[in-house]
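Letters A, B, C, D, E, F, G and H name the chains as they come in the text, with residue numbers starting at 1 for each one.
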Amino acid sequence: MEAIRDILEKVKAGTVGVDEGLGLLKGQFYHDVGCAKVDLHRERRVGYPEVIYCAGKTSGQVTAILKAMLEREVNILATRASRELYQEIREICPDARYSPLAGAVTIRRKEVKAPPGYIALVTAGTSDLPVAEEAAVTAELFGNRVERIVDVGVAGVHRLFFNLETIRGARVVIVVAGMEGALPSLVGGLVDKPVIAVPTSVGYGASFHGLSALLAMLNSCASGVSVVNIDNGYGAGYIASMINNL
Amino acid sequence: MEAIRDILEKVKAGTVGVDEGLGLLKGQFYHDVGCAKVDLHRERRVGYPEVIYCAGKTSGQVTAILKAMLEREVNILATRASRELYQEIREICPDARYSPLAGAVTIRRKEVKAPPGYIALVTAGTSDLPVAEEAAVTAELFGNRVERIVDVGVAGVHRLFFNLETIRGARVVIVVAGMEGALPSLVGGLVDKPVIAVPTSVGYGASFHGLSALLAMLNSCASGVSVVNIDNGYGAGYIASMINNL
Amino acid sequence: MEAIRDILEKVKAGTVGVDEGLGLLKGQFYHDVGCAKVDLHRERRVGYPEVIYCAGKTSGQVTAILKAMLEREVNILATRASRELYQEIREICPDARYSPLAGAVTIRRKEVKAPPGYIALVTAGTSDLPVAEEAAVTAELFGNRVERIVDVGVAGVHRLFFNLETIRGARVVIVVAGMEGALPSLVGGLVDKPVIAVPTSVGYGASFHGLSALLAMLNSCASGVSVVNIDNGYGAGYIASMINNL
Amino acid sequence: MEAIRDILEKVKAGTVGVDEGLGLLKGQFYHDVGCAKVDLHRERRVGYPEVIYCAGKTSGQVTAILKAMLEREVNILATRASRELYQEIREICPDARYSPLAGAVTIRRKEVKAPPGYIALVTAGTSDLPVAEEAAVTAELFGNRVERIVDVGVAGVHRLFFNLETIRGARVVIVVAGMEGALPSLVGGLVDKPVIAVPTSVGYGASFHGLSALLAMLNSCASGVSVVNIDNGYGAGYIASMINNL
Amino acid sequence: MEAIRDILEKVKAGTVGVDEGLGLLKGQFYHDVGCAKVDLHRERRVGYPEVIYCAGKTSGQVTAILKAMLEREVNILATRASRELYQEIREICPDARYSPLAGAVTIRRKEVKAPPGYIALVTAGTSDLPVAEEAAVTAELFGNRVERIVDVGVAGVHRLFFNLETIRGARVVIVVAGMEGALPSLVGGLVDKPVIAVPTSVGYGASFHGLSALLAMLNSCASGVSVVNIDNGYGAGYIASMINNL
Amino acid sequence: MEAIRDILEKVKAGTVGVDEGLGLLKGQFYHDVGCAKVDLHRERRVGYPEVIYCAGKTSGQVTAILKAMLEREVNILATRASRELYQEIREICPDARYSPLAGAVTIRRKEVKAPPGYIALVTAGTSDLPVAEEAAVTAELFGNRVERIVDVGVAGVHRLFFNLETIRGARVVIVVAGMEGALPSLVGGLVDKPVIAVPTSVGYGASFHGLSALLAMLNSCASGVSVVNIDNGYGAGYIASMINNL
Amino acid sequence: MEAIRDILEKVKAGTVGVDEGLGLLKGQFYHDVGCAKVDLHRERRVGYPEVIYCAGKTSGQVTAILKAMLEREVNILATRASRELYQEIREICPDARYSPLAGAVTIRRKEVKAPPGYIALVTAGTSDLPVAEEAAVTAELFGNRVERIVDVGVAGVHRLFFNLETIRGARVVIVVAGMEGALPSLVGGLVDKPVIAVPTSVGYGASFHGLSALLAMLNSCASGVSVVNIDNGYGAGYIASMINNL
Amino acid sequence: MEAIRDILEKVKAGTVGVDEGLGLLKGQFYHDVGCAKVDLHRERRVGYPEVIYCAGKTSGQVTAILKAMLEREVNILATRASRELYQEIREICPDARYSPLAGAVTIRRKEVKAPPGYIALVTAGTSDLPVAEEAAVTAELFGNRVERIVDVGVAGVHRLFFNLETIRGARVVIVVAGMEGALPSLVGGLVDKPVIAVPTSVGYGASFHGLSALLAMLNSCASGVSVVNIDNGYGAGYIASMINNL
C-alpha cells in the first residue's frame, strides 16, 4: 500500500499530474492483483527458468515462444519435447541440451544460486524413469542438487534400505511410482521430511493408467505425503525446488 | 463313470429294475454335474463347517437354517452376526460361541483334523482387525492354526521386520489392509509363499470404501499375490485353509 | 554404519560380550530399517505430539491408548473426536482441550519450539472450516503460527486480494476448498511458496463427495500445488509443519 | 390452432376438398408436433446456417449432404472437418472457407442480421483454442460479434483482470478451459451475465480426458454458470447466439 | 476509471487528504477486481435477493447471517431449509414465507421490476418437483414470471405436446428430469430458446444418484441445451432469470 | 387417418360445425401423437393394471392417486410400498392385498385373460427374492402364470439342472441375480427363449450396489439375454408379460 | 427322461450292451445338461445360422472355422468382419455376401421359415447405422422381416411420428441410439410391444464411449424397455428374432 | 540370528577383522530384510527362472538384462515379447524358444524338479487364449505340469462338464475369462481346490477393458476364488506354481 500512498503524495505535491498518477495507479493495481508474478519474479529470482509445455503445440508455436524468451536471456525448460522438436530448437539455439529420457530441452543462460541442501529422487521401477527424470531436469535447472535412487520398488524392499541414508539426508523427497503406488507410504514412514509423491501411468489392467497409484498415494497411511498429478514430474520437481529453497 | 457302468450291469443282470435304475442314474447324474458338493463333502471331509452369511437375513431365517443344520451334527459358522442375533442363537444352541470382533458365531460339534502347517495372518492397522478376525475364525473352524501379526502397516515398516520369521514359516499368508493397500506388495516381496490379499473398506475420502486398497492389491508388483473382495475375510480364510490342507 | 563398527570394535576388545553385542546390533538393525522413527523423534524433537485417529475406535480404545501416552508426558492430538468422547477424555485428563469445529482434542505437556515463519491457511467457504480447523489445530500443536484467511472462494475473488499480503508472507500455504476446488490454482498463481491443497467433501450432486475438488486440484495449472486426501486436514497441517520447520 | 380452423372453414365452404384438406391437416399436424423446426426456422430466421457434424462421416457422405443443402442457398457450417475434407468441399463449392484452428468449414450465401450486443469468448490456455474457435466460428456464422480473450487461465489471474471490461460488456460469456476447469467460476463471480462453460479434454493424467474440468464446472460455486459437453464448442456458440439474439 | 481520476483531482486540490484518498482508492480498487458484485448489484438492480445455502449450516449460523442481511432491507432467499429452520427464522422475521416443496424460505422487502417475458419450467415427473420448485421460487423472487408444466416425461410424450405453445412462448426454458434425463433433448428439439437442463437424483440402481441424467443431458443431440449440477434448482432459476432479464 | 377424413366429411356435409370439428380433431391429434396410450390401452386390454411407484411419494399422494384410480374400476399395482403405507391403503380399499416380500400392494377389480404359456422366474440367492417377487407380483397381476425357481446360483449349479425342464418350458425367462451376476449367462446358454436379466444390489465391497452384476449381464456371452435396471423387478415382470402375451 | 428309460430297457433286454449303453447315456447326459444347444437346434430349427465373432480372430482362424461349418450346409453369419476378411472368405465360399455397413458376412445354404410378424428397427442418427445394420442382417438371416426407420432421433421428434404406424405394427422393436440414448424411452412410451434398446458408442466427450447412452436406457422411465451391451447389434437382432418367433 | 552370532564370535576370536565383519554383517543384514529373495532362491530352488517384463522396455534394454542373466546359467522367462524382440534375443541366445500365442520367450538352462500334482488351466473363450498361455508357459518353466481345458465358457456349460474330472484332479485351478467373467464362479462351485481367476480384457462396450470380468470374479459367490490383475497370466501361473509346490 506504500506505493499507492507515495503516488498520492506526489499528486498532492504536484510533482505528478493527475493523468500520470492515473497511469501509475493502474500499474500498481494490476501489480497488486497478481500481474507482478511474471515480471517481479524475474527481478527477484534471477536465473529462474521459463517453462514451455510442448505437448499439443506445433513446432512452429514452440520455436516462436522460444525466440521471444531467448531475447531476455533467461534459462528455459521445454517439457514433453520429442527429439524432432529438439532438432528444430537447436537450429535457433545451438546450446540447447536434450534429455531423451525426460523428453526435456534445457537452455542455460544464467547461473542459478544453489541452495545448500539436496532433493532425493526415489523411483520404484525402470519404467518410471522418464517421469522421474523430468522431475530431476526441472529441479536441476532451478539450481538444486538431485540425488537419484532408482529401482527400489516395494517388491524388493532391501534395495530401498541400502539407500536410506541418502534419502534421510535430503531436505525434501520425491517418490515416483506406478502400479500399486506403495513406495511413497513406505518412504514416508522412514523419513522425517516432506514427501512429494508422483503416480505414473506405468502398469496395465486395473492400474487404469495411473489411477490405482494415484489413489494409493492419496490414501497413504504415512504422514507427510502429498501428491501431484499422474506423470507430473515437472510439478514435483518445481515443488521440491520451492521447498529446498526455503 | 464306474458307478454308471455298475448300474447298467445291475440292470442288465436284473438285480435292479428299470425304474430303480433310472432313479440311481438321476442321483449319479446330478452328482456328476456338481450336486455332490454339499453332500459328499460331508462324507469325505468330516467336520467341515456349514456357513451362513447373516447380513440381510432376519433372525428368524437364520435360526431356522441353524436348526436344520444342527440336526446333522456338523460344525457351523455364521458370519456378519450381531450380538443380538447371537443371543437368539444361544437359546437354541447353548454351546454357540461368539467373536464380537469378527461378528462371527461358531458351533463346534465335530473334531477337524489339523494340517501340519499354519496360516500367517498379517494386518495393517487396528481398524482392519474385524476383517482379519473373520478370516481367522473361519480358518480356525476349518482346523487350521493361525498366527496373527497385527498392526504392521507400511508406515512403520520395522514392525513388519520384527515378525518376518513367523510370516516366512507359514504355508500361506493372508494380508489384510485398507487405505493405500500397500502391505501385500511388501509382504509378497519378502516371502516365498502364496499371499491372499484382503482389501478393507477402512479409510476415508479417496479410499472410496476400499476401492483404493483393492486396486493397489490387484496391481501389486510382487509376484504371488492374489486378491479377494473388499472386507471378505471369510473368503480369505477359506482359500488359505484350502491351500494349507493341500 | 559407524555405530555397527563401534559395536564390533567393542566385541573384539572384549568390553562387550557376544550376546550383549547381538542385542546391540538388533537395536541398530531395526533402527536402520525404520523403527527409530517413533523413538528417535522423541529424543530429537522434544514436544512433538502423538496422534490418535479416533474414527472407528471405541471410547474405551481411545482412553486406553491415551493413558499409555500420558505416562510419557508428550503432547497429544486426537482427531475426529466427538464431544462425547472429549467428555470421557477429560475425566482422565482434565487439561485436555477441545476444538468443536475441528473435532480435535489437544493435550499440551511440553513446549514446542516455534519456527520463525508462519503457515497461511486459506479456506474457500464456511462449510470447509472443520477441515481447515483440523489442519490449524495440528499445525499449532506442532508449534507453528497459523494465519487463517477464511471464506475467500473464487466466486468472490476480491476477498482473496484483500488478504494477499498475509498469504504471500507465509513460508507455506494450505488451501482448503470443496465444490469445484479452484482456489488452490488461483492461490498457486499468486504466491511463490509451496501450496498444500486439501479437497473437502463439501458440495452436492456431481461433486461426488469431494472427487470433483480432488481432480481439479490434481490438474491445477499452477505450479507448486500438491494435494492430500479428501478432508485430510491433519495431513495438510502435518506437511505444512514439516516444511515450515525446514 | 387458427390454421386448423381455417382449413375446416374452407372444407365447409367447399373451396377445399376433403382429400386436399386431409393433406393440409397432415402438414399442420406435424408442424404442431415439432416438424416445423426445420422448415419454419428457415422462414423466420433467414440466413441461419445448416450444420453438418463431419466426424465419423465419409467425405462422400459430407459432400452429398452439402450438395443438397447448397441448392437451397442457405449458410452452411461443417464442424470437425479436416483440411483434406475441405479440399474436396472446395471443388464443389469454391467459396467455402476453412478455419484450420476450429476445423470448421463455412459457406455464406445469405446475410444474417447481427444482434446489437456481442459475445465474450474467454479461453484459459492456448491448447483450448481449437474448441474456443469452433464456438467463435459458430456464433459468427449466426451473425454474432465475438470478442476473444485468450490465455487468461487462473494461474495468472492478472491477465483476466486486464480484460474485465470487455467481458463485462458482453450480453453472454463463453468460457473455455481444460485441466482443472476453474476459469468459469472465477469469471462467473466477476460478471453479471450468463456464463456458458465449455470443458476441454486438454490435460493429462487425472484430467481423464476432460472429466476433471467438467466436474469442476458443474460444481461451480459461482451463480450463473451452465455447462455443455466436453469439447463442445459448437454447442456453446449456438446457445450463446440464442441468448444474444433474445 | 472516472471515479479514480476524481479522487486524484480531489487529492491534488487538497479537498481530500492523502490518507482519506488512500481509503477511497482501496474501495475503488477492490470494486474493480470484483468486489462490486455484492455492493453494486444492490445499487443497480434494486430488490435482488441475497441467498443463503442452508445445508451444512447450523440454525445459529443461518439466523446470524439473516439478521445482518435484514438490516439492509434486501430480499432474501434461503435454500435447502427445513421446516424447523423456518420456524426459527420466523421468530426473528415474521414475514418470512416457506415453500415446503422447495425447502426454501423467502423474505420480500423490496419490489423487483418484472421483465416482460416469462420462464417456462418443465418437469419430467412428480418426484422431480422439489428441485423444480427451488428453481421456481428462485426465479420468482428475482421478479420473473414462471409458467410450470409438470409431469410431462418422455414416456408419455403427448402430455408435452399439449403444452408446447406455453413452452414456445417463453424466453428461456428450464427442464428438470431424473432417471434417463431425456426430456431436455426432446424439448430442445421442439423450441427455439435456450434450455437450462437440471438433472435430478431421482431414480434408483444405475441412475447413480443423478449421474445417468447428467450424462444424458450433457450429450444432448439437441442444440441449445446447457446443464447445471444435479439437483441444482437454484442455479437454473438464477441463470434463467439472468437470461430473461437481458 | 380414416377418423380425420370422417370428420372432414361431416364438416363438409354440415352435420358437424367448425368448432365442434376443431374439438374432434384435437382429440384425434393427440391420439395420433401418443396420448392414446393411456386411454386406448384401457379399451383394448381390459383389466390391465395401473401402476404407482411409491418410493419418494408421501402416503397422502399415494392414496390421492389411488382414489382417482379406484373410480375407474381398474386393477392396481403399487410397488415399493411399506407395510405402513399398506395399512393406510386398506382403509380406503379393504380388498387391497400386500406382498411383504415384494413390498407390493395389489388391487384386483377386473379379470385379466391369461395367456396360454408361462414365465419362468429364476433366482440366484435368497437375498434376491424381494426383487424377484416384485417381478412375480407384476406379471401375475397382468394375468400371467409364473413358475418360480429359487436359490439356483452358479456356485451350486446342480440345483439349476434339477429345474431345467421347467425353465425350458416357459415362453420367456426372468433371471434375478446379484453379486457376480453370472446366472443369466448360464441360463441363456441352456434355453432357447428370451432371457430378461435383473441385476440386484445384493452383495458387498466391489459389488458396488449392483454394478458388478449389471456389467456381467450386459457382457453376457450367451445370446438372447437383455437387461433391465438394478433391482427393477417390476420392469422385468412387465416386459416378460408383454412377450408372453405376443 | 424317456430317452434314458429307453436305453435302460434296451440294456435290460440285451439288445444294447453295457459299454454301448454307457456311450448312449453319455450322449444323453450331456444333452440334458446343455450340450443339446448346438446339436438339437439344428434338428428342430432347420436353417438357423452358425455365428462367428471375427474381432480378435486371425483370418486363418476364421476361415478354418468356416470350412468346418460349410461341411454341414448351415447358414452362417460372421460379424465384425473387415472387407479384407471377406475377400479371403469368398475364395473358399464364392456365394458369401458382405454388408459393408454392418461389417457382416452372410452365407445362405438353407431356407428359414419366416414368422408372420416383423421387427421394427428404429435408429436415432446416421452414425448409429452400422450397429443397426448388424442387428438387421442378423434378424434377416434368422428369417425375420425387418422394417428400418432411420434418423429419427429425439431432437427432431416429428420424424418419429411420421413412422409411428410402422413401429406400432411390429411384434418387437429394436431401438439403436448413441449420445444421450433417449430414443428408447420415447418409443417405449408410444408402443405396446417389447423394446430392445441398443446403446452405441457414438458421441464424444462425456458420452464415454456409450456409457451415457447405456445408463439412460437402463434408467428408462418407459415400461417395456430392456437393454443389451454397447454396440451389440447382433445381440439385439438375435433377441428380437427369438421374440418374433414366439 | 545364528549367522550374526557366528560373525560376532569370529570377530571376538580375531579370525575375522572388524572391517571384514562389517561387510559380512551388511550381507546378513540385507538378507534379513528381504534382499535374500533373489540370491537365496537361486540356492534353494535350483532352476527357478528370472523374469523380464518386456512391455515398455526397448530391445536394447531387454538384451542387456538378458546378457547379464545368461552369465548365471539360470532359466529365463521374458513376457510380453514381440516376435521382433524374439529375433533379437535369438541372436545372443540361439536356444531361446518363443510362444507366439503367449508372447513369451523361454530359455532353459537348468532342470526344475517337477512337483507330483498338476495345474488345471481352464479358459472361457478362444480370445482368452493368449492370457491363458502366458500362465501356462510361466507355470511350465517353473516345472509344473499344466492341463489345458479350452473354450468351456458358461454359455455352453456342457463343455465344462466333459472335463470336470481333469479339473477336479488338479491341486490348483487357473480360470481365465473375459466378458462377464462368470466361469470362475461356476468352476469354484464344482471343485474343492483353490481357484485363481484371471480376468481378461476380452470383450467390448460395457466390458470396459476387463473391468466387468474383474468385478464379477471379485464378487464370486463361490468360495475358494481369488483374483489377479486383468490379463495377468504370468501372475496366475506364478501363484499356481507356488501352491502346486507346497
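The rule is simple: a residue touches a chain if its C-beta (ideal position, glycine included) is under 8 Å from a C-beta of that chain, and two chains touch if they have at least 3 such contacts.
Remember, predicted model here, so these are calculated numbers, not experimental data.
Among the remaining chains, B is positioned farthest from subunit D, on the basis of C-alpha centroids. Ranked by distance of CA centroids from subunit H, the top chain is E.
Here subunit G and subunit H face each other with different sets of residues for the most part; under half of the interface numbers are shared between them. Interface repeat of A-E: among B-H, A-H or B-G, over half of the contact pairs recur, by residue number, only in B-G.
Spacing of subunit A relative to subunit C, judged by their CA centroids, is 24 angstrom.
Chain centres here are Cα means. That of subunit B falls 39 Å from that of subunit C.
Taken residue by residue, subunit H touches two or more other chains at 32-34, 37, 156-157, 161, 189-190, 205-207, 211, 214, 218-220, 223, 229-230, whereas all remaining positions touch fewer. Per the contact rule defined earlier, chains pair up in contact as A-B, A-C, A-D, A-E, A-H, B-C, B-F, B-G, B-H, C-D, C-E, C-H, D-E, D-F, D-G, E-F, E-G, F-G, F-H, G-H.
The touching residues of subunit C, counted against subunit B in their complex, run 30, 33-38, 55-57, 61, 199, 201, 210-211, 214, 229-232. Remark: subunit A residues 124-125, 153-157, 179-182, 185-186, 188-190, 203, 205-208, 211-213, 215-223 touch subunit B in the complex. In the complex of the two chains, the subunit C residues touching subunit E come out as 126-127, 156-159, 161-162, 202, 204-207.
Residues of subunit G that touch subunit F in their complex: 32-34, 37, 41, 51, 161, 164, 171-172, 189-190, 192-194, 196, 214, 218-220, 223-230, 234-236, 238-239, 242-243, 246.
If you check the complex, the residues on subunit B that touch subunit G are 1, 4-5, 8-9, 11-12, 14, 18, 21-22, 25, 29, 32-33.
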